[in-house]
Structure formats: structure tokens, C-alpha cells
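We just call them A, B, C and D in the order they show up, numbering each chain from 1.
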Amino acid sequence: MTTSYNEIAGRSVERLAALSDGIFAVAMTLLVLDLKAPAMEVVHSDGDLWRSLTSLSPRLLVYMLSFMTLGIFWVGQQTQLNHLQRSDRSLSWIHLVFLFGVSLTPFSTTLLAEFLSYRLALLIYWLNILLLGTALYFSWECAKNKELVKPDMPESVPQAIQRRIIIGQALYAFGASLCVWNTYLSIAFIVLVQLNYAVAPRILRSRS
Amino acid sequence: MTTSYNEIAGRSVERLAALSDGIFAVAMTLLVLDLKAPAMEVVHSDGDLWRSLTSLSPRLLVYMLSFMTLGIFWVGQQTQLNHLQRSDRSLSWIHLVFLFGVSLTPFSTTLLAEFLSYRLALLIYWLNILLLGTALYFSWECAKNKELVKPDMPESVPQAIQRRIIIGQALYAFGASLCVWNTYLSIAFIVLVQLNYAVAPRILRSRS
Amino acid sequence: MTTSYNEIAGRSVERLAALSDGIFAVAMTLLVLDLKAPAMEVVHSDGDLWRSLTSLSPRLLVYMLSFMTLGIFWVGQQTQLNHLQRSDRSLSWIHLVFLFGVSLTPFSTTLLAEFLSYRLALLIYWLNILLLGTALYFSWECAKNKELVKPDMPESVPQAIQRRIIIGQALYAFGASLCVWNTYLSIAFIVLVQLNYAVAPRILRSRS
Amino acid sequence: MTTSYNEIAGRSVERLAALSDGIFAVAMTLLVLDLKAPAMEVVHSDGDLWRSLTSLSPRLLVYMLSFMTLGIFWVGQQTQLNHLQRSDRSLSWIHLVFLFGVSLTPFSTTLLAEFLSYRLALLIYWLNILLLGTALYFSWECAKNKELVKPDMPESVPQAIQRRIIIGQALYAFGASLCVWNTYLSIAFIVLVQLNYAVAPRILRSRS
């Protein structure tokens, strides 16, 4: 009997988690490189320094937004991987697609922040989030169908994981569709959804 | 019975530790990119090379300072996580805020080093340290209240951890307040506090 | 009896895996730095933004190609390491050579993408892949000869691992040799081989 | 009884190993950023491309040298950490100093490669290696004195570890001292020592 390479490839959840943490860590810190201390020549007083730093504040906000988006999906991916007993080749590749989306997040967030009033920038940002959500959804489908989940997982876990993804993506899609009226409205709605997922989980606890 | 997503999200201390190590590693090495070898055209002797490198030495000092600050907080965070049996969603987000502060440290340290005589630069540096300390303090509060700590932890550990944070932050705040007289005095005091935490733990051992 | 340093050096598979994940993570995200949001000054409408982003799309394709290449070899290396019970000094150095090849992949992929019609660019890209494949092949030889593999490994695994490397490298070499006629033909063939390994494993399952 | 913070801080070998792997991974890949694909405008034939790439080859050599140096010390640190059952605060800080030296290696290697004929560049490169070796030596002293090593460690291990460091550093110091006559002689000797440690361990096995 021959063993297919595909049967033995990519089975370690630990390696997948470690690669993910590395890519998240680099993606989360890359944007700091955009924060440059002002040049000494243009600063002659605390007032000058204040003005220079104020002009940096949009970049700082973008950085916070990007960090928060990545944080949300880092928690989401971790929650899935914690329930797996092993990985396999297909699951590894679904997560590599997910990680590709992660590495694009700093770019799409910067784009959105610089072109707040353009629908295209918003659309790209939303497509990025959609890619992340879709990859996570199919990763869980794959894990369930191939029985990669731990046998002691409570029965209600799969539903909780997928419901969260669907509700979240529905909210993001609704937010993105608001750009037909106004992109600022879209962005405000999406940021509120993200803030809710990041800092105010209790509000929606009963529903999600 | 339905399982809330928030109950099952972000429970892995190992993943949190791995993400933290990744972000610390990137933040600790980012500033090396500012150390550029001098251009070959301007160097014609060992003397020229010496002068070129001497002009790099402030950047090297900033880099050491930033590395030391991050080292102190890396040890501090590790000490907490070592005593946790599991994480949860709120704790994960408190640590994501902490890691956001970590990723800002190279920026605030550079700012301080370039504008040594400006109170605003000192204030920002101190706010960064305050953010790190506050996040660690609340992370421990959260871990205690939600019973995330290991059951075999000695009773005196929580007090030791929080006392260290409070004493440290009090010293930093005192140092920062010295800038009313002179920013150099502030910086000297803060660097001394950091050196104490990094290389001379025995001096304060009886008290902290 | 004296212990040789070489007998005790580099024995941890976990450390090797962690260093690998770190290097893969950095290499996989480095190219994102080449994706820069367009300058605000040149964009005055959604149409302008669309044209600016369209000019970025070759870079995005390069980035996807590089990510996919690295993903293939990450899965390949992981599959080997999963079957090792320990490492040793020679194996660690073979994998360091492999990781050196990994860190060069973003460079050789960019080179290929910018000089699609030049045989030299194709040759360098292929040499990079050859280096990765050769290192993995000898890493497995080394692991088998020195009995570093887990005792419970099924007998058919070693053959599956090496057959995959040989078939893969034969396909890549054939693809590269097509450049005698036309480099585009070469590239198309190589990308098809990679897509097959990444997303369509079922097609070749019976043979590899 | 009160617990001193210093008694409970920095005890995890796993965290220390993970931070080290992260910093090594970033330091090992940073120099790739110096390898830029040639501009399309200046390349009109395979010959042009060949000449452009030839001008990159010194950078590639520097990169290989830096990678090899870091590989040697990565194996050296790993060998020590593998024999520890736990870490403590002092040991963590010794390793943070070691990691600071690691993060400086790309800089000192670049400096050496650009100023091959300058004694100062050689001296700085040697000081970097001396810092790495000294930190590893004292880390092992600290681990032995504080009984952090695993109880099942063979008795001959400590001697093998320290003998390797002393012999290595003696060879590096001798090589550096050759610069009194000629820096090229120094560099050749040091690179030979490193190649021996990296790829030809069998030659010195009987002695080290």
C-alpha cells in the first residue's frame, strides 16, 4: 500500500498556529514604519512639535484601525484552531489564503484612510474583510466535514462559530452597501461593528 | 442551550504568548533599520569611518533604550502569562491593547531621543509607558476576577505582581513630573529606574 | 568520557520549527511593503483611484505567486518535521540552508515578475526552487540515515515524501527547460504546477 | 511571607526560546531588503540583467555571511536552552543582551563587507561576535550556579558547551589580531572558522 503525500502533508495545528502568529505579528507592526518622528530642522519649540505630531495623527488612527481589524480576526482564527485536534493539507491551504488576506489588511486599511470619500477604497476594504470571513467560514466547514475537530468539543460550538461569522459578515456587507448614500456613513457603521467586536462584547452577547 | 461565541473565543494562553513574542521580536528589531552603514564615497580612512560611526552613536543609544524598555515589559507580561491556566476574550483584548503599546515604543523612544529638551516628547514617552503599565495592571485584575490563574499559584504572587507595577509606574510618573524643572533630569531619572529593573534587581529586592 | 559539542548541538525540532515559522512569516509579508497606496495628489475621482490601483496589480500578482511558492514549501517542510522525534546539528544546518532559500524567494519572484521575457530571470527563479527542493531532499536523507524519525512512522511515509520532491522538481526542471523556446511557456507551466500543488491536490493524488 | 517579584519573573524557557526565534528570524531576513531587483529601464537584454545582478553579488555574499553567523549562534543558544528546565530573571536579561547582539549582526556584517580594508570595521565585527560569545558564556555560568539546568543532563555537557565557546572565541580573537598585518588575512581566517562551525563539524570533532 502506498501512502499519498497529500494524506500526510500539513497535519500540524501547532505549526499552522505559529505561522499565523508570525504573520499577524509582522502585519500588525508593519504600519508603525509609517510613523516617522518629525525632522529636527522644522521643530524649534513644543508648539512646533505638537503641530508636527498632529499631522501624524491620521496615520496613528489608521494604525489603530488596522490593529483592531487584525485583532478581531486573530481571535476568530484562534477560536477555531483551539478546537482542532489536527490539521490536514486542505485546511492548511484555506488558512494560507486567510493569512494572505491578513497580510493585505495594512494595505487596504491605509487605502481606506487616505481615500475616505471614495467608494472604491471602501469596496476594497470590504472585499478584504469578506476574504477573511469567507476563508474562516470554509476553514470551519472543512474541519467539520473531515473530522479534524477535537472529539470533546461541546455540540453547540460549531453553530456559535459559524453564526458569529455570518452575523459579522452580514453587518459588514450592510455597512458597505450604505456607501450608495455616503461613504462616511459606511465607514462609521463598519468601525462601530468592529469596536463592538473588540471592546463591547457584552452588548450583543445575548444575540451572538 | 446555545453557546455564546464570546465564551469560547480567545482562550489559548499559548497563542497569546506566541503573538506577543512575534510582536516584541519585530518591535525590538525594527529600529536596527535606522542604523545604516556610512556611504563608501565619504570614507577614505579609519579616521573617516570612526567619525561616520560616531555620528550614528545617538541612534545606537536610542536603540538600546528602546530594547531595554521592551525587555522590561516583555519580562513583566511573561510573568503574568506564566501563571494563567487559560485566557478568555476580554483578557486577549487587554493584551492586544498592551501589544499596541509595545508596537508604538520604537516610535516614542525615537521621538524622545531626537527631542531631548522638549517636554512634549517626554510626555508622549511617559504616556506610552503608562499605557503599557495600565494594560498589564488591568490584565492581572481581569485574570484574578475571572479565575483564569492556575490553582497552584502561591497566594503571595498576585500582590507581588501588582505591587511591582504600581511602584514602577509611580517612579515613572515622578520622573516625568520632574520635567517641570528640567527634561534632562526627568530622562536621567527614568533611565535609572529602567536600568534598575533591567540590570540591578538586587538593589531593590528587599522592597519590591 | 568527553561529550562532543556537536553531539548535543541543535537537537530541538521545536526550535527549528519556530525559527522556520518566523522566517516564513517575515518572507511572506515582506513583499506587501511594495504595495503602496497611491499618492493623494494624483487621485481626484474613483476613476483615478481605479487606474492607480490597476497599475499596482502586477505587484499584487507577484505577491500572490511568492506567497503560494512559500506556502508549498512551508507545507513540505512541515510534513517532514512532523515525523521527526529530534533534530541534530547536521539536520539543523541543512534546514538553515533551506531557510536561506526561503528568504531569497521574494527577491527571485520579483525578479521574474519584472523580467518575464528574460531567460536569466527564469533561471534564477528555478535555481531558487531547486535549492529549496534539494535542501528538503537531503534533509530527509539525513533524518533517515541518522534515525531521527519517530519510531511509529508508517513505512510508506519516507517514499511518499521523497517521491513528491522528485516529481515536483522534475516538473519544475521540465518547465524551466521550456524557456529554450519561450519564457512565457515556462512560466505558465511552472505556475500550473504550483497551482496544482496548492489548490488542486486531488487531480494528481493517484499518482503522487 | 511576601514573594519578591524578582523571584517569579521571567521563568519560562519556552517564552525565551520563542522571543529568540522571532528576533533571529527578523534579523536573518532583514538584509534581504537590500537586494533590490534592477530597474526595468536599464535592462534591455539578458546581458544587461546579468551585469545588474553581478553588481548585487557582494550584497548577496554579505547576506550569506550574516545568515551563517546568526545560524552559528542560533544553534549555540538552542543547545544551552535545551538543557534548561526553567529560566529566571537574571538569565532572561543575559539572553536579552545576547539578542541585542543578534539584532546588531546585520549592521556589523554590512559594515565589514563595505569596508573590507579598514581595521575599524573588522574590530566592530569582532566586538559583535565577542558580545554574542560572552553573553552565551555567562548565560551558562548563570544557569549552572542557579541550578536551572535539567537534573538528567549528562555531567560532561557543561564542559563541552563552555569549551566550545572558549575555543571559538580564542580563534575569533586570533583572527581579529591578524589585522595588525592585513585585514583580508583576518577576514579569511574568521570566515574559515565560521565555515568550519557551520558546514564541516567533523574536522574538529575530536578536539571540540
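Just a few scattered comments:
Criterion: a residue touches a chain if its C-beta (ideal position, glycine included) is under 8 Å from a C-beta of that chain, and two chains touch if they have at least 3 such contacts.
Quick caveat: nothing in here was measured; it's all calculated off a predicted structure.
Of all chains, the one whose mean C-alpha position sits at the greatest distance from that of chain B is C. Homomeric contact chain C/chain D: same residue numbering on both sides for under half of the interface positions. Distance between chain centres (mean CA atoms), chain A to chain D: 35 Å. Taking each chain's centre as the average of its CA atoms, chain A and chain C sit 25 Å apart. Counting partner chains per residue, chain D has residues 18, 21-22, 25-26, 33 touching two or more of them.
Chain D meets chain B in the complex at residues 1-12, 14-15, 18-19, 21-23, 25-27, 30, 33, 89-90, 92-93, 96, 99-100, 103-104, 106-107, 110-111, 114-115, 118-121, 124. Of all residues in chain B, only 17-18, 21-22, 24-26, 28-29, 32-33, 35, 37, 40, 43, 45-46, 49-50, 53, 64, 67, 71, 74-76, 78-79, 81-83, 154, 156-157, 159-161, 163-164, 198-199, 201, 205, 208 touch chain D in the complex they form. Listed in rising order, the residues of chain C touching chain B in the complex are 22, 25.
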